[in-house]
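Each of the two complexes below includes chain A, the first together with chain B, the second together with chain C.
This part shows the complex of A and B:
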């Protein structure tokens, strides 16, 4: 996250109405966005949404059909990949198999014409930064997946690019390694202060790592926001569905004035929402209110709701150890909604069929219309 | 329970069925390769008694092989022709393999490979003979050039010489060189080339620093595949050279069948084999070094 009081962020990359066609296929459909200098930016979306294509237009591996891409204020249309101030960590890592770790990391330094000693020192420094001190003489094929990734990182960062591009760098690692590398990437990004642009299809990874996230569907950016806004105030059902779990209830809009929206939501009754609780543009479709599973709480004996309260029947219980998921039917509803509860010592897991009180708050609702 | 015999156990083992499967091939190889080879080696240390072979041990044949200037110069000619052919073939094959691997649409690659193998539809002998027709004294090239008035009398430097051998053999062995280089190139991860450019190198430098070293294994294989058979080529010197510029195979044939000196012919054959083995081992060693990095 950006440090408080940081100077106003400059723009590092700007897309102006970028379109890309592969024959008849419209891969990028009018991308307009800016990426700030020094931020950790993620392109998140399902496979085939155009996120990798967009990343490759920055690297220079992919031309664009129309629009403008600016890197640090310069139109890069005529700049080939080898002349751009960007470096990439490839999905396959693209470690040169015929070279040692050292030679891989120092590959891009050839043109700087360093002395042998200066080159070795720069390489050693880069290897230390990614935690591979002493691995320099190893053959590339003798490395594990995690080590390959570190070599790819060192090889890119050693050139001190303005932008580091990461194409799904963690997808080939196992879960534990992936979580470790997430933390290390964040640390590294803070340390070097370079703009990082990450492509991922893993919403959790994007939420954990990014300052801002662009969610992409079918060649368009559906929403661009910081992780919290994206999670709490998704601007469409599609975004809400892609990031985490969201319950949807049918609703009807009664009135709208002065930034206040009166809604009649099934199961919740009549509620007043603030304007920011309807972040999406009107689509003309059926109105819905949505809420995250953890925003509803089962009230145990003696607990009081801080805001609103309603009754529900438990229909399904899924026990996860630290959490329990309950599918409950709110009174006045036909279908179940999901609630997640943190398991607290001494509190029982409720049985199917239990009648229970539920605490909820209108502030947690998001209106889609 | 009866004690199982070693033979009984062997008969049911996987190894036994393996031996059974290879036995026809093995028998064939022993009969047609190992046995004649053993005979040649045996002949090479026997004495020649004109028209007969005297089974008395001697190294004289090898002494003559390695000391006679005639045999040495023929061997050197064979080696240099083979090296020239290998060089020309691989240098011409590399760009073809590169083009097919990197610039041909993936769906068209098999068509291209198919086209490359077309020369094999004609027998080797006929292909060599066609070059004789093309390059000969009254051949296609000469009569064409004369009829359009470029030259007044037939060129002689295009036929009956070493250059003509190289042209003929390079054409005959081109597919053998293209295919291994193509295979090595196909195995190169294309993102490595993007990585090379991403790290600041031009296309040419990326080729030099990434593509070329990674395709070297294929080049070494191509060198081996062309070099070894060309050294022992018999047909080309006979047809294109008119029998006047013998290579080692023609020499051996002459000794064995014309002069009927089987022991000396055998000694030269064994010596040539040893030289080829040494050269091949050098290349195999090089190949292993290149492959070592790409496992």
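This part shows the complex of A and C:
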């Protein structure tokens, strides 16, 4: 996550009630959102949720059926893709296979009428920025996946666009390479200060890289927030489920007043929640409280709970090396919930059937209703 | 080596297919007017005799004009059709593409007769232009087939990337699409050229008093004395066809290698 503050808060992209139909298929269902200048913004959602379509409406590859898209304050309805101040890194990278690295990177500058020397200097600068110094003369088709990715980045950034669009740029890379590129993309974005808009279906990637994330389901933005808010205060069960893991327990709302919600939840008993712990609108469905696996902690001998404490029985143990997942049944609860513990050297992994003390805090609960 | 029934079948099949063609050069260099074994001696005289016939020069000129024109026209139409069918959806696409490809399986005799009747009814004089017309018809499906595979292997995001980087649709076509499908275009030109060069029925029906190479060869067979020099001409044509098709295949494979896609089979 990028450091907060020091960012100009002007709006770079604005969607106003954007709809998109493909025949009868309603791909975008009333998108209204703003993306700030200079932020790293992610569109996150499962495949078919409309995130790529939304990105392509910014690039100008897709028209919209109704609504308005503004880029830097200008309605771009009549502006074709080749005239928009945006550049894109494609999922397949779209490196021109018949050109060299240099020719690929300098492709967009052809129209600027630069001298040969100026062009070469700009290309060299862009290649250095993405860590491909000295690769200019290589044939594009001879590059590895990670190198293609970098060429695509250099080719898009050399035009100094107002917005860089990234369509699942890391999905074709292996895990190690992907993690390395995530870090490099963040560094690059801070360096150039351009608004980056990333499309991804990988929630971890979105959490790691973004200043803000729009979670999309079925053509709608379900929640738009910074990563921490999304993780700590998801506004629906669906968002909570899509980002990380969350346990849900049936609950009943006893009373509500002055930003205080009194809730009775199995295993936790009677708790008072602050208004921000119920971020979602009421759906009229059955009330539930949710909590992340790491917000409950097993207390070992001599440890004290800082907030609340309860007893539980361990029903299942899954050992992951750095972490252990326990399925525990809190006393008074009907079924087990999953909690995760970071493994500490010298501390044993507990066995199934062990009775243990559990520390928890009402502040970690989220209410869905 | 094990001689199974299938292996024997394969060998007989290949012998039947190619042995007659191997006889062409054999008798083209044989020092005898009679096409029969045993061979009597080596000579290149038939090649000289073949070239001495001025009718051949005219037929050769006609064939080159017809084959070049047919190749260029068929390939041009092929580019349009392949681009349209691989990139866009339009009503009755399958039916329209089916009709474009139909001459591939239509008996040439039918095409030739139908065209002849129509052209005569329209009062068009038969000439090499009418042959070109017929040859474009039969070459276009081949061009479409070759070019479709070239256009198909083109990643759509390449076009979008060029467009995104500021190029117009037209300059995108010139800078990105054309260079990438060029091997396919060359391949299509060469194959269309070869097909037109070898074609007989349409050239015979629609040529009027103009003869192409194939019609000339057919005519010469009436004179037994001319047969050895026809063998010489045939030898040259076989070599030319092999060379042209090899070049076409070379370009087709290079095109696939360039766009980095798998080979899905060609004509060779």
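Throughout what follows, the second predicted complex is superposed on the first by the 362 of 369 C-alpha atoms of A that agree within 3 Å, B and C clash if a C-alpha of one lies under 4 Å from a C-alpha of the other, contacts with A are read in each partner's own complex, and residues count from 1 in each chain.
We adopt the following convention: a contact is a pair of C-beta atoms (placed from the backbone, for glycine too) under 8 Å apart; a residue touches a chain by one contact, two chains touch by 3 or more.
As the structure is a computational prediction, the values presented were derived from the model and not from experiment.
Superimposing the complexes on chain A yields a three-chain arrangement in which chain B and chain C clash.
By the touch criterion stated above, A:111 is placed in contact with chain B and with chain C alike.
In the superposed pair of complexes, A:87 makes contact with chain B and with chain C alike. Within the superposed three-chain model, A:96 lies in touch with chain B and with chain C [touch as defined at top]. Put chain B and chain C next to each other and count what each touches on chain A; the higher total goes to B. Across the superposed pair, chain B and chain C both touch chain A at residues 59, 61, 81-83, 86-88, 90-92, 94, 96-98, 107-108, 111, 141, 155-156, 159.
Across the interface of their complex, chain A is touched by residues 155, 157-158, 160-168, 176, 179-180, 258-260 of chain C. Contact residues on chain B toward chain A in their complex (touch as defined above): 189, 191-192, 194-202, 209-210, 213-214, 290, 292-295.
For chain A in complex with chain C, the residues that touch the partner chain are 59, 61, 81-83, 86-88, 90-92, 94, 96-98, 107-108, 111, 141, 155-156, 159. Taken together, the chain A residues at the contact with chain B in this complex read 59-61, 80-83, 86-88, 90-92, 94, 96-99, 107-108, 110-111, 139-141, 155-156, 159.
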